Amino acid sequence: MDIKRKPEFNIMTDMLIVLLVTAVVAVYYYGMRAAAVIAVTVIVSTAADFVCLKLRKKAHDKKDLSALITGLTLGLMMSASVPYFEAAAAAVFAIVVARHAFGGSGCEIFNPAAVGFLFASLCFPENMLTYPRIFTDIPMSSVVPSDILTQSMAKTLLVTGTSPVSLIDVLTGRFTGPMGTGFVVLLAVAAAFLMLRRSISAITFFTELAVMGLYAFIRYGFDPMDVLYFFSGGMTLFGIIFLSCDYSVMPRTASSRFLYGLVMSICMIMFCQYSAMENAVVYAAIVSSPIGIELDRRALSFADMLKKHRKRKGKRKRLTKNKLLGSINETLEMLNNDDKRES
Amino acid sequence: MSNDNNKNNSCKKIILNGLLNKNPILVSGMVIAPVIVLANNFSNAVMLVISFSLITFFTLLVSSFVPKSIVYTIRIILYTLIGALVYVPAVILLNYFMPDGVEALGIFFPLFITNSFIITRSESIFFMETKGKMLLDIVFCIIGYDAAVLLFAAVREILASGTIGGRMTGMPAFFRVFERPFGGFILLGLFAALFRSILLFVKRVRQK
Amino acid sequence: MNVLANIMLTAFTVVFAENIVFSGALGTSTLIIISRSRKNLLGFGLSVTYITALMSVLTFFLNKALKIDKNSYIYTPLVYIIILGAVYIVTLLCMWRFAPRMFGRMKKYIHISVFNCAVLGALFLISERCETLGEYFIHGLGIGLGFVLAVYLTAIVYDRLYSEKAPYSFRGYPLLLIYIGILGMAFWGLSGYTLKF
């Protein structure tokens, strides 16, 4: 079952619309400083993309908006107070190392925004993982005084086990954290929009949502509020939509999309359970994406085999025992030889 | 006369291969582990280079006397055994001269015994015509490795902590990721890519 | 129950968080060679795991004997290599005697799965970290499995790393290093923080 793909350009415009709406909310919450950070990541990633294409002597495709999307996603995952240089470094790393080294748009193994974010948060943890409070007046200078910065709500939840945020604040994303990832209601609407437009995979999305929701439900003692905290804090929902259901890393067949969602959620649970860190979804998205490629390949070769099998069955209705053995052998051979198959 | 010329040419080829075209670390990817984990500052890299050169050179020198008639299965054990034997005087020597350095190398020092460079080179020795050429090949491969590691470590130290040999360079910002093994992987990958594109560029210029 | 949880935690740490390739970079050269073909991945993985597990148990007894001498660090590698060589030969002989077909297939790969930095490095790592026999065994098993995991993760994207679409200067070896580095970055997230179980 090969799912028909929409033209990439349409997917990208859908993504862009959703991200822009989220960015507007982020600017409303955090003021012009947020707008400046987002502008830096977007401009730097577009410029880096342009330079890389020039260096590789490739023509710039006007319909390729992937650099814009990467820049926006990256910007929304950051703290509104992050120094401009660090935001720019993350964008350059995302575009140069995670996209163009692997062959440019469409050939990535990892989601570039996830890689860029991870790079920056390991390089500059003290700036990347401290956040200003919402509606505070953040100075526009590159380095923000540290007295207005605190740890995120997700970190508080991890350390103390309780969160001081009310229900309405969680739903609208009014808590300290990455600037564009907390507004659960908006993100849910965005996900629905993207799924209806077939820009992200509904199968993967719901698989991940169900498994992670179940995990959070069990882990936090059957409290629906805590499940909500789990999805809004630590950019879990944002990560599911924009990092793991992203078209650049999504497998092609329905069955492999389901399995990919399962693998992704297992990785996520592993990271949540094992280490006390926020933003586990970014790590999980990176670890699970190569497995998505493999699942796709397996599913394709499996479907191919089934097709052949059916054809043969049509010709001769009865299968002898030897034939059955032969088909099993064929499967094994195919699984071994599918290196050559381009996914 | 033409014979002499040929000889010179093949020597030049061996030297260039070791230093550039088949540089053990930047092109072939041999003995990466210590470079990635340890060579995050210049002084560590110097220690690494000294001990690597010492062990590898003498192991390969002795290994070249192992006759080809022995089965490969046994031969490979002999190579590592020779490495382990060379390690004994090497560790005594280095411990005498720089005891801190050996400690800094930790478990990677004994690991030079089974490094992939020894295992692959010791086999390729059989294809060399003379002992002299073989020695030339080994020496220049090791020099190529050492130079690449020292350069890599210097750049890595500047990027990761803004210092060189422990002294500040006045870099405005640094990326601490590169201190860690995964940063080493990424930086070495970028280094190898850069090296390859430089080689390609030189080749093209020459052709023109 | 507690013991079981402890064992699981240790194994998990060794396989994922402190993966021998992603965080220790040991055996990378071997990984580059072996990830080229997916056909022999299973056989290779089995032999590496078998060797590390068996050797870790042997190392436990060796280390006990070696501890008596203060200067034993000078000849420890030599002893390890001798034991490793003996295990290698015995394994080959057993395979040749009892499973000749497997011997024929594995002949090419078994030397590379025995004499590499991952196995010897594992022995040194284990001797530094562990104390009891159980710990030695679990670490040995875990390191072998972790190495196999790394090889598997590399082998599944091998055609992408070497594809025509990747720019020439990155294609192959440089891209492979970057790939491992990025995965290492993600796995480091497991080891860099405090554990909660």
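We just call them A, B and C in the order they show up, numbering each chain from 1.
Quick note on the criterion: a residue touches a chain if its C-beta (ideal position, glycine included) is under 8 Å from a C-beta of that chain, and two chains touch if they have at least 3 such contacts.
None of these values were measured; they are calculated from a predicted model.
Among the pairs B-C and A-B, the greater number of C-beta contacts is found at B-C.
Measuring from the average of all protein CA coordinates, the nearest chain centre is that of C.
One inter-chain figure worth recording: chain A and chain C are separated by 31 Å, centre to centre, where each centre is the mean of the chain's CA atoms. Averaging Cα coordinates per chain places chain B and chain C 22 Å apart. With centres taken as mean Cα positions, chain B sits 39 Å from chain A. In chain C, the residues that reach two or more other chains under the touch definition are 170, 174-175, 178, 182-183, 185, 188.
Contact of a single residue of chain A with at least two other chains is seen at positions 97, 101, 119, 122. Counting partner chains per residue, chain B has residues 177, 180, 186, 189-190, 193 touching two or more of them.
On the side of chain A, the complex with chain B involves touching residues 85, 89, 97, 101, 119, 122-124.
Across the complex, chain C is touched by residues 27-33, 36-37, 72-73, 76-77, 80-81, 83-85, 87-88, 91-92, 107, 110-111, 113-116, 119, 177, 180-194, 196-197, 200 of chain B. Listed in rising order, the residues of chain B touching chain A in the complex are 173, 175-177, 180, 186, 189-190, 193. Chain C makes touch with chain B in their complex at residues 22-30, 32, 73-78, 80-82, 84-85, 88-89, 92, 111, 115-117, 119-121, 124-125, 128, 168-170, 173-178, 180-185, 188. The part of chain C that touches chain A in the complex is made up of residues 12, 16-17, 37-39, 153, 156-160, 163, 165-167, 170, 174-175, 178-179, 182-183, 185-197.
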